[in-house]
């Protein structure tokens, strides 16, 4: 085992401390028995979490954001997995530029996507807010679905699928009973990344939300403009809990080291 | 049905979504800058002749470049330690980097508002130890934006570079040592050249992310430190000047695409493995 | 410049598992010793300890007069050829070969000259400007060899250097490696799991298992006089039959197996180490015959080997593999005897 220089080691410790400290500060501020944001907390209360759920706009946008993340990611997977499968299975039969099409949502700045969607689709076509949000989020997370699932599919040995077909399994069933279980890791990873991207998104949503329909991050920004109080800390803690939940899912299904590969 | 037909059928819905929900709208935005009142020349020269707009563009460049540089330096040093850490500790460190990464930009930028604010934690601390007599105004400065952005992007850089460093076979550093290379020489002559392409990929992610960001400049820079993202939002949703907003969007897109293109060319050129 | 390598009482641990136990090994000046064994036997660990990539938990490693034990890897001056070749992918063949010279502060012009000369020696003229990605497996192997040789080390080490090459190339390369090592008179340690490779290339072979050397000696000795059942099995004695030495009558050693059948072997060739022994025989060490003195057997499945037929036989001591002459193919179910051929048999102490 190669040793790390102590100065470098100390530097890394400092970096990790600074990475986590702001999050610890938020947690502390969320339970502080004060009307302003402070750390270390003065007193200990869950009042600000109660207050959070008393605000209708927060309750509404939590539900919207969750449904939007599930719906947008679901829609994206529903059309992204077949596309990834087609690209991996019939590489020669499809134009060579097609894989690049699915990189576009990463290349185009999110905020440009949000603005353009607002201009053309939401305002131009008069799409309802929730529908425009769904489309926006689906296209935003599509690269994860196509490329992460695609990476798994590229590792997949398609002769296994042919073996299933040769044993009398219809093609469509071979896909569900042989191909899909073997790229499970890719599908889970895609879902997680897409879900997190969607639930935290601001750049696309901020152009598409409107009267009556908003998402949680946009509601946080709106609340912040009027009140800089510990409610923001408590909703931040709530979002961190979502992150913890997602990481727990990753750990139990794939192992967290999956994320550096 | 032929394989080709099946393939197209399966790939069509996703392709259509990208074309209809991204390709055409973004194209329409570009067209706006060419066809709106006064035409392309007025729109773009209008952008560059205004001192204020030039300042916004320059500030965005500056913040993105400094953020990238700091993230690369901090990220590389940290990733080096993580990659060398023994199994259990390494998993723990990776979790510690993933957690902030998966926590949204709103939450993470908000944390720095609490820290850097006038009545914030840092000012409180400095007052208490007597380093300052009056609270400093740190919020709504370029420095605040850079600090928060570095905080935003270091985890991404660390995780990218841990992957890059782990992909360098241990055999190579051992071979270098067996041939007499000191650890420092092996790092300079073997590890660094092999890590450069991955380093460039990470740098591109950070630069384009910082250049096009909205939340962090909005919360920590505010109106005073307008950047391209916040400027675009202001023009589009507050002054409703869509041709100008489209021009900003077009410039952002072009800068992003050119950066990605140029850097991936550079990475290919520097890619040591290709003969 | 030639020196000996001495490992004395070397132990190594991975975490709390002992992977090498109190190992003693002496490689004389100019000698090539192969460490042979299955994966996990400790052979690669031994090599990595000598290279300085691992630290022993006990014992010393000396190269000539120098104590290497606490020396960092980059100060050991050992030429090492890796299983994966470990060529630097970002450097040309010339720069790969010159890498060690550069670390030694050799001037650029001089190191290019010496690298070129070594590249020519290993037969890669004209390829100096290529990158490793554009070389065949055999060419990469030669670069790896040139890179280790050019620093003129007092000790060469090879870690399964041929396992990524096809069969024909493997034989050519091992001859070249042996020639290069002989010509320079360099002491060498060679790790492999391939018995033929180890036997053909070495002055002596150490067969290892579970972190210990089971037997160390010239290939001929290991091949014909295995020290124990493990070595016997490793060098191809596929039949290991427990027997009891009954009498030593006249010029024969008599062994009795389960069921009462007896075998007579010439006393001049076999010593009896104990009363309870293991009779070890290769398939060609037992000839299937219609009649004669030997192990009674019922023949089973017959396979054709080209030089002989081979039979799976059922005996009182279980299944035995034996060869029979091409002149007389016998059907399964035939009752026969298995007559020992002393050249391919051994008597071992029972464990």
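Every chain is named by a letter (A, B and C) in the order it is written, and numbering of its residues begins at 1.
To be clear about the criterion, a contact is a pair of C-beta atoms (placed from the backbone, for glycine too) under 8 Å apart; a residue touches a chain by one contact, two chains touch by 3 or more.
Keep in mind it's a predicted model, so treat the numbers as computed, not measured.
Each step here moves to a touching chain, and the least such steps from subunit A to subunit C number 2. When every pair of chains is scored by its C-beta contact pairs, the maximum goes to A-B. Separating the CA-averaged centres of subunit B and subunit C is a span of 55 Å. Our note on geometry: subunit A versus subunit B, Cα centroid distance of 17 Å, whole angstroms.
In subunit B, 183 are the positions where the chain touches two or more neighbouring chains simultaneously.
Considering their complex, residues 1-4, 8-9, 11-12, 15-16, 18-20, 22-23, 25-26, 29, 36-39, 79-80, 82-83, 85-87, 89-90, 93-94, 98, 101-102, 104-105, 107-113, 115-121, 124, 135-136, 138-139, 142, 146, 196, 199-200, 202-203, 206-207, 217, 220-221, 224, 228, 232-233, 236, 239-240, 243-244, 246-247, 256-257, 259-261 of subunit A touch subunit B.
By the touch criterion stated above, subunit B contacts subunit A in their complex at residues 3-4, 6-8, 10-11, 13-15, 17-19, 21-26, 28-29, 32, 74, 77-78, 80-82, 84-86, 90-91, 93-100, 102-108, 110-115, 117, 119, 121, 124, 151, 154-155, 158-159, 162-163, 166, 173, 183, 208, 211-212, 214-215, 218-219, 229, 232-233, 236-237, 242, 245-246, 249, 252-253, 256-257, 260. Touching subunit B in their complex are the following residues of subunit C: 51-53, 72-80, 82, 84, 86-91, 99-100, 102-104, 130-131, 133-134, 147-148, 151. Within the complex formed with subunit C, the subunit B residues making contact are 169, 171-172, 174-183, 185-186, 189-190, 193-194, 272-275.
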